[in-house]
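First the structure, then my questions, so here it is.
In this document, chain identifiers A, B and C correspond to the written order of the chains, with residue numbering beginning at 1 in each.
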Amino acid sequence: MKLAEARVVVEGLIFAADRPLSAQEIAEIIGLDPPAVEALVEDIRSRYADGALTIRRVGGGFQLVTKPELSPWIEKLGRPVIHAPLSPAATEALAIIAYEQPVTKAEIEQIRGVRSDSALNSLLERGLICEVGRKEGPGRPILYGTTAKFLEHFGLASADELPLRSISE
Amino acid sequence: MKLAEARVVVEGLIFAADRPLSAQEIAEIIGLDPPAVEALVEDIRSRYADGALTIRRVGGGFQLVTKPELSPWIEKLGRPVIHAPLSPAATEALAIIAYEQPVTKAEIEQIRGVRSDSALNSLLERGLICEVGRKEGPGRPILYGTTAKFLEHFGLASADELPLRSISE
Amino acid sequence: MGYVVQLEVYQGPFDLLLDLIAKNEVDIWDIPIATITEQYLEYLYSLQEKDLAIAGEFLVMAATLIRLKSRLLLPQEQAVEEEEEEAEDPRRELVQQLLRYKFFKEVGEFLQERYLEASRYYTKGQSVALYDLAPIYTQPVGKLALEELREIYDHLLRELAKEPPVHTISPGISLQERMALVRLQLVGKPRVSFRALVKDNTPMEIVGTFLAILELVRLGEIRVAQNTLFGDIKIQPYALELEVNA
């Protein structure tokens, strides 16, 4: 396959996928190596310069999205808001789960200093966290972890973009 | 708004909309008239010449899709599997189409008393109905009818074999 | 009667303490426990004066602070008894908890910001935009029977033929009373379903309860979720962890 053709296929795949596609996945489909895919994505992105779309890197994959400056126009479509902003309580709980996973509700509540049932429910409903197992011990409490959707929801390319843990602690 | 800017907004709207957008709807959002929108859509389409995407006209609106020649590649992403049964709304729309065909969306909505876009989309995706023509008159609205797949599912040789309506009405 | 409040903007006792430490511009490793305890209690008293209930976690922290204060006031004899062992600062554990909490609170704020930024990027609105890649429906029509289709159609036509029904509205109970009923149902429960709130199932009750829920959402007292079209509506108190029953 010629590079120009490969570029078009990569663009089509990223558009058509209903989830962010990783360079690895694309590479397997088109039979090139991941660095070549990365280069093609860069090429596509630069060709989008005077259009409405761009490709962002999120959750370890590529995703076709509209440029942020168009958001005031797109809001006029009245597309239902899938993700209302999370409450501070829920983001605190999510932060703890992201770093401490797998973690139980009791452990989260111990760090936050308050009950966290509704924060956890809200995160579960949005599919940002899920039950990943049970902890050994009395009551075998549920262990929570973050989902693939977590990074996508916050536009994070990978967990490395989360703030580093301070050393003082 | 300059035309170049309007073109970018139109592209963004078509991409982000959760339904095919008509020239009229786009025109209302950006404050141009429908023929100007049609011209912008043509411009976008021609700019897509050496890319993966194109704009097709479907159900009286515009929709961003991958070019048909890419389908062998895109199929490798896997077809989504949906287990959900028909929604009550879609079932109602199907009943109306079965008995009234050929019938327009407006006529279906008049009988149901509510908007029926997503019900029709769901039936189209399931292959139970299809576009069978256009009604003469203003706007030349699309006429819908049931498909061979529909007949097959209910073991009917033709739509004439549908159970007779009760006499009470 | 059960009464639900939210404690201003504080997410919990650690949040309140961190705010007091910041306001006093003191070193977190050298917290003036006497001053901070005093201010902490003052805050709780001010809530009481406003007739607001105080969550149990805030009271537990008050007790911890008072205990710390009394230990710091004790002469250092005990430390001497422990000989070589360095006398551990009794504040140490609290400070570690505070720092730990502070880190996650900041990550939470970072996530909030990232969310706002990320929400300006829109993804493709329709998933049907693929040629020859329609979803596979395992149940295209489900268990729908031909006879049902006819019944649905007949029913729709009968409804259409009917004169629009005239509804008379009786005064019934007020919106305020409906809201009070919904609040009452929520006391001590993580969530209730809309169906459970509507007992008599009369149109007045359904509409009245629905309006009460909308009003409570507007006031920020509850959150609602509906997972499927026409599905049941789940109602949760907002920020449950900060609520207590007076």
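Heads up, the rule we're going with is that a residue touches a chain if its C-beta (ideal position, glycine included) is under 8 Å from a C-beta of that chain, and two chains touch if they have at least 3 such contacts.
Not measured: the values here are computed from a predicted model.
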**Prompt:** What kind of graph do the touching chains make: line, ring, star, complete, other?
**Reply:** complete
**Request:** Starting from the Cα centroid of chain B, hunt down the chain whose centroid lies farthest away.
**Result:** C
**Asked** If you average the C-alpha positions per chain, which one ends up nearest the average over all of them?
**Response** A
**Complete:** Chain centres from averaged Cα atoms put chain B and chain C apart, in whole Å, by 40
**Message:** Please tell me the distance, in whole Å, between the geometric centres of chain A and chain C computed from their C-alpha atoms.
**Reply:** 24
**Item:** Distance between chain centroids, defined by C-alpha means - chain A, chain B (Å)
**Value:** 31
**Message:** Show the residues in chain C shared as contacts by 2 or more other chains, in ascending order.
**Reply:** 122-125, 127, 129-130, 133
**Complete:** Note: chain B residues in touch with at least two other chains are 12, 15-18, 64, 66, 70, 74, 77, 80
**Fill in**
chain B partner, complex, touching residues on chain C are 122-144, 146-150, 152-154, 156-161, 229-230
**Request:** Please name which positions on chain C make contact with chain A in the complex.
**Result:** 11-15, 55, 57, 61, 96-97, 99-101, 103-112, 114-125, 127, 129-130, 133, 190-191, 223, 225, 236-242
**Asked** Which residues of chain A touch chain B in their complex?
**Response** 4, 8-13, 15-18, 21, 29-30, 44, 47, 50-53, 64, 66-67, 70, 73-74, 76-77, 79-80
**Asked** Across the complex, what residues on chain B touch chain C?
**Response** 12, 15-20, 63-66, 68, 70-71, 74-75, 77, 79-89, 91-92, 94-96, 98-99, 111-113, 121, 125-128, 149-150, 153-154, 156, 162-166, 168-169
